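Labels run A, B, C, D, E and F following the written order; every chain starts at residue 1.
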Amino acid sequence: MPRYATGRYTNNPAAIRALFNGGQVHRDVYVDREIYDLEMKHLWSNTWIFVGHDSQVPNKGDYFTTQIGNQPVIMVRHTDGEVHVLYNRCPHKGTKIAIDREGNTGKFFRCPYHAWSFKTDGCLLAIPLKKGYDGTALEGSKNAKGMTPVGAVHVYRGFVFARLAEHGISFDDYFGGSLSTIDNMVDRSPAGRLEVAGPPLRYINNCNWKMLVENQTDSCHPMVAHESSAGTAVRLYEEMGNPEPRPPAMEIIAPFMSPYEFMEGMGIRTWPNGHGHTGVNMSIHSDYSAIPGYFDAMTKAYGEERAKAILDENRHNTVYFPSIMTKGPIQQVRNFIPLGPDKTLIESWIYRLVGAPDMLLARTAMYSRMINASTSMVAHDDTEMYERAQEGLTTNGLEWVDLNRLYTGPESYDEERVENGTTERQMRNQIDAWVKFMTVSMEAPVEAAE
Amino acid sequence: MSVSRDQIIDFIYNEARILDEARYADWIALWLDTGHYWMPLDFKQTDPHLVTSFLYEDFFMLRLRVERLNGARTFSQKPKSRCLHVLNRPSIDEADDEAGRYKVVTAMHYLETRLDDQLLLGVTATHDLAVVDGALRIANKRVDLVNCDAAFPNIQLLP
Amino acid sequence: MPRYATGRYTNNPAAIRALFNGGQVHRDVYVDREIYDLEMKHLWSNTWIFVGHDSQVPNKGDYFTTQIGNQPVIMVRHTDGEVHVLYNRCPHKGTKIAIDREGNTGKFFRCPYHAWSFKTDGCLLAIPLKKGYDGTALEGSKNAKGMTPVGAVHVYRGFVFARLAEHGISFDDYFGGSLSTIDNMVDRSPAGRLEVAGPPLRYINNCNWKMLVENQTDSCHPMVAHESSAGTAVRLYEEMGNPEPRPPAMEIIAPFMSPYEFMEGMGIRTWPNGHGHTGVNMSIHSDYSAIPGYFDAMTKAYGEERAKAILDENRHNTVYFPSIMTKGPIQQVRNFIPLGPDKTLIESWIYRLVGAPDMLLARTAMYSRMINASTSMVAHDDTEMYERAQEGLTTNGLEWVDLNRLYTGPESYDEERVENGTTERQMRNQIDAWVKFMTVSMEAPVEAAE
Amino acid sequence: MPRYATGRYTNNPAAIRALFNGGQVHRDVYVDREIYDLEMKHLWSNTWIFVGHDSQVPNKGDYFTTQIGNQPVIMVRHTDGEVHVLYNRCPHKGTKIAIDREGNTGKFFRCPYHAWSFKTDGCLLAIPLKKGYDGTALEGSKNAKGMTPVGAVHVYRGFVFARLAEHGISFDDYFGGSLSTIDNMVDRSPAGRLEVAGPPLRYINNCNWKMLVENQTDSCHPMVAHESSAGTAVRLYEEMGNPEPRPPAMEIIAPFMSPYEFMEGMGIRTWPNGHGHTGVNMSIHSDYSAIPGYFDAMTKAYGEERAKAILDENRHNTVYFPSIMTKGPIQQVRNFIPLGPDKTLIESWIYRLVGAPDMLLARTAMYSRMINASTSMVAHDDTEMYERAQEGLTTNGLEWVDLNRLYTGPESYDEERVENGTTERQMRNQIDAWVKFMTVSMEAPVEAAE
Amino acid sequence: MSVSRDQIIDFIYNEARILDEARYADWIALWLDTGHYWMPLDFKQTDPHLVTSFLYEDFFMLRLRVERLNGARTFSQKPKSRCLHVLNRPSIDEADDEAGRYKVVTAMHYLETRLDDQLLLGVTATHDLAVVDGALRIANKRVDLVNCDAAFPNIQLLP
Amino acid sequence: MSVSRDQIIDFIYNEARILDEARYADWIALWLDTGHYWMPLDFKQTDPHLVTSFLYEDFFMLRLRVERLNGARTFSQKPKSRCLHVLNRPSIDEADDEAGRYKVVTAMHYLETRLDDQLLLGVTATHDLAVVDGALRIANKRVDLVNCDAAFPNIQLLP
């Protein structure tokens, strides 16, 4: 692919659509610089993106800095108790208001350059020597409003999502039934509440963000790519004569060796707009050992039947396209932050089930470091594949990526579907949504403006 | 059951060299099987359980890790990584000759390479050493990254 | 902004003009790659850029290598005693003739690749095996002339400036009255001469060069951005019980805490073509302690009245747009060398007042390391702002930078003006000149040629 | 030059041709990003590029990974004993099949991500859970064929070359008489066979690949650029009183100080399509000391007359445009791998003359480390020139590189010619071929397709 | 009033550790209030006054510097930088046991990090140590950057 | 004709410092004129002759190298490079006091800079030292790059 933009895709929805033929995707989707820039401008502006969890900002004035796509933003708890998401940019000369990962700013933000100050909802509060602006064009300009809020914010059971675009699809229409995974994760707290536990694991993969997102529901890779870690664990454990109690690694890592039959039976569910999950019927999380006292707490909170129902749900990975993957049995969110066509930052957060025994959080913490860190053997397996693919896709012998597994004809992604756990339907579902939200705003007047 | 200051310092340098030379069987042999290798995620982290970490490896995980490094299908190690430690002089912060327990703190620069890539990490290692049958062993090892809150690419070997 | 050029600005003066509306500037001016490349091609070619000081090359054959915009050049003292500025490029295959920061090349330059040699005015001197070119097209080609000199060079009281473009505004028309600051700086030498003192402090800021240039006359930031250094110094000194003699830091750093009233009264003067200075009536340099023997030396040289007049001038920062900032009371030049839209190299030079006591040079040296180095606390304060702004400007919530302070209506920058010390008029003056010299050559035939 | 593409050259053969006027070359050829990308797409696809030596993959399943231009490929010995060259890219999701520099893959390649497997000629062998693709569009797609082979492969006396483009000039037509150098190098083995000896020296030069290729026949630079190493060696040896036996350095490095007369007499031969060599009549390799037993072995193998003929050939550097330089007397291949317009990876291989004494290999190994390594003094001399030129060419004072030496009028490069050893004809020959293979495919329908 | 070779070496290692652990009050306490911390700009610079430097800090400046690092409005340290020194074995070049003055030269690699940025500097530190009331103190410290003529980004902490 | 452990260690540190200070005449004087400076190309390379290397320099080449570094027309050293070694504590792997031969292994991080460029290399040096006339000399020196198979830019000075 050319390393410079030929303007082949800008304002060209037809060219974008031509990148997906139903079963195969053109490699430009993963490697092209112009496509990446258009993703930032369209896809990541028109969709609902994960920002953080409201327990990261429990008190008024608490803030957290992150980015939505390539846009630096601040998530802050306003004096009215609401969570706001503001562009991290001073309306005077553009200075980032805060770059600490988190902190408390009190009743207002104060720009460190010339001390313009803003309420925690972004509204301009004060300017030193304000009289210097009397009768100037600042008054009435957008800059005078203060720090610009993003297009829309929605907090769902503690999880904060935002849409950069001022107008677009609503939160409920966008996520629809997929929210059931978040429900299940939160319901697993006897108090019906999660709390963030510590900072996220942060790691860099030198690949396109979609390679990570597609991998989340890729049920045909674990027994192959993870043989080095999971397979070796199983062998080692046997060589030791299967001692009890099993080392935790056997509970967390060994299931990655589950056979194809298991993966097929596990099932995959897809929802409209690119969302979906693996582990409909059971998952590699199904056999986790019971934690003393937990079921009692759940029963006390929900009654036995409901408690059972909540805990019987064993979803594996749920993708909230495009930005995160989350789980039910493990209270984790993996946040995919694009840094370039071939560079992605992953932040892996874990949460405490309020009212549940510490051991559940300990297991989540263990899962997270065993599977997600820069130092995780399982992550080494995956990263190796992503980065090899990013380089492999630059070859010109073949220009298409294949997603045909169990694709026997035209599919509608507007309906929720459950299929064989080895289908690549969820990957197709993502690309279908990708095309939709890349093109929906492509000819809107806002374009002309720029 | 005490050991000399020099023996302790030598032990620390020796462990680093064993890792640099990828003599993993020898390395495992330095450990007590009750030990943990802890690389905290949070700055000055105190709890290894309820906050996650880069590493908090029990003896099984450590064995798994070194086994994996030489596995026929360990694709992320085809080709292999290599590392080189350069240690500041270790400091024996605590010495209990009675109990034969020693706490040693060592700042080091750790270089890990693979193909044309090279990663430099600044780390501080804290060793809990125990004398068992007259020989020093690693009871626990904690490794703090100076920039623990930074984002990292794969770190496949062990500082 | 797009990371690739859409060709929105190339040969499009109207689009360039649209980036400045009088009171606000579009962020593309600071972050866009195409704009940056056009700056190198137009703005930095059409204007007079600081190259160095002739005391850096006192003897024939002395040379100094630097760059004008993104163009590597050599400043050299020719055998006739004149200072020449040549492109650092061999006409044979392009090799840089010298990359030592400075040296003496004797009577001629010799290319290290094939030994073509050139007089110190660039003229081709000799080629080994010259007969190999008999009857070839080298003869008569521009390459046969030797090392190409830049468009024009002017030495003003020791300061060497150059214009890359062959034709364009003259030195005097370009700088006009602004030269009075250089005059004052040099007049402060009883001998009326400066001498460079040592190598420059060199530091990298990850921001656009204009953020540094604008900051030079930004009188509303010190008491805010430098509170950490200047404010702490004041507090610390008080805690110590204001001991005498004052630590030098109190003379150099503490004044950065001067109140708004002081800044307002200080005044700002602007000259046409983007030049201007702070400290018309007084400045943070006003209260510097007298240096024994200096006034006597000045009086001996100039007579008491004139000496007083020279020393009563206490200008703070003078911007010679676009490339440098200089001072009178402190013999310093801060040279802004653009390395990219978001990367700037700053070289901070200091000079000795020939005939004046060493203590003045010592103070200038102290000022330079306390305020300008990579290791300077005051510089840490500023750099943090520039780099935060560079990142903040990539947000799409607001596309304009505000320069409206004390801008109450259309201004003419063609006249010299003195205003309230807190106005942003000088920043507007710079952007006005920026538009002028970005567009003046935009439709010239030379364009078509490329 | 603009750092972004203005689309000045894409699909514009006239603009490409305008970059060479017979005696001078426009600097865009060396520094422009768009030109570089077009080189990868056209020049490096339409020409025959060095891949490796078949002794690197002696056994079935042996493979070696490298790149052709910017395309990652695998050279592998197939089960039928033939050497194949495949794009290093899995037809499923693009994963590189192998990134070890070399290894043995047995009877088939297996992708590490989902275990698709391929015969060593690239043909798809198996897919786990194959039934998942029944009736899908994978069948019949190019992906179903397996790993794509490059356009064409030719093994000449052990040296493996490939052409990425499916159609184009044949191997014989492309190299023609230039193959005589490879013949001589291989004939120097009594067994008529070479064997690779160890891994290559790998080094990075921050310059365009053509600066290295042009330097190979640049006979006017050694006595100048290498004076620091060769000249110092000669002086040092004299100071020591010319002791015998001479230090090896005197045999290897000292000849670089040979005078212009020697270089002129040495002669240069050019062949069509950009190939050529220095050292027609004699070379800096001519005076290498005889190796005991070698001539006997040669005579036994070839008869005395033929043996003499082979060893009397003392060619210096032969360029097989665009990718390699090789020698006869020294069994070495220098492989130029472009990494960007201003970055080149050089891999320097050495070979054993099968049946000849070890001392010849020892001398080749010595030559290689003394002349080619990142740590070689002679290489330091050259690299300094290339990298200075890369930067010097960005200056706008002169836009053309001069290749006029001994160019007295229109030349035809379609005929083999021998000329004065100091001519730059071979460099012109290369640029002539560059234009030819840059433009030959420029308007082919394949363009439209992309 | 002399001290042992080991005490001197320990002092150098200890100072580096104090800086790495950001124990600035302890660090200031190591200094004689007449001392200067000098980081020359020029290669082999001899004059700290008439040629400028990266640093030529008197005691007031050093105190100001460490005060500032913890200031509530020190924006360039929100978040904070961290550093890690790895020292070559210090060399005691001059020892005057009479006067209790020692000159110690130490090559080191200095790593400074903030957020996702990391800077590696090669420096040579020259300590003038003085024994005062039986304790070693820093009379003067000179730090030479191996590439003093290079352009640097912010260096906010102290090698 | 034996020497103390400390003398050996001091010798290794001293050699690195001599290189850092570009005292090349002193450095040459450390060598036996029969010695070779070997920097292998291949990982764990055993043959310096039939496989090429980065360096396999006899005494003449070493003298040529240091001569060249100061040459008036050594353009690649105008301006000059500088380097800084930081050594792990050297380990005396073999000691034959009878013969006065010692084998010392030292891991180190080597920094080489020129203008605004900086290169960091991880290397392991193996010194063969010999006692001649009561003084230690370098009989041979081997330097292994941790990433010997990587591609490098110019490395102009000596680790």
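Simple rule for what comes next: contacts are C-beta pairs under 8 Å (C-beta built on N, C-alpha and C of every residue); 3 or more make two chains touch, one makes a residue touch a chain.
Please read all numbers here as calculations on a predicted model, not as lab measurements.
Note on connectivity: the fewest steps through touching chains from chain D to chain E is 2. Put simply, the C-alpha centre of chain B and that of chain F have 29 angstrom between them.
Chain centres here are Cα averages; for chain A and chain E they lie 45 Å apart. Averaged C-alpha coordinates give centres for chain D and chain F that are 33 Å from one another. Touching of two or more other chains is recorded for residues 4-5, 99, 101, 112, 225, 384-385 of chain A. Shared interface positions of chain B, defined as residues touching 2 or more other chains, are 73, 75, 79, 86-87, 89, 109, 115, 120, 149-151. Under the touch rule stated earlier, the contacting chain pairs are A-B, A-C, A-D, A-E, B-D, B-E, B-F, C-D, C-E, C-F, D-F, E-F. Residue ranges of chain F in contact with chain B, taken from their complex: 86-89, 91, 107-109, 120, 122-124, 146-147, 149-151. Those residues of chain D lying in contact with chain A across their complex are 4-5, 7, 10, 33-34, 37, 70-73, 86-97, 99, 112-115, 128-129, 132-138, 141-143, 147-150, 164. Residues of chain A touching chain D in their complex: 2-6, 21-24, 27, 30, 211, 214, 218, 220-221, 224-225, 260, 264, 384-385, 388-398, 400-402, 404-408, 420, 422-423. For chain F in complex with chain C, the residues that touch the partner chain are 73, 75, 78-79, 115.
By the touch criterion stated above, chain A contacts chain B in their complex at residues 101, 197-199, 201-206, 225, 227-229, 231-233, 236-237, 247-249, 253, 345, 350, 352, 358, 361-362, 364-366, 368-370, 373-375, 377, 379-381, 383-385.
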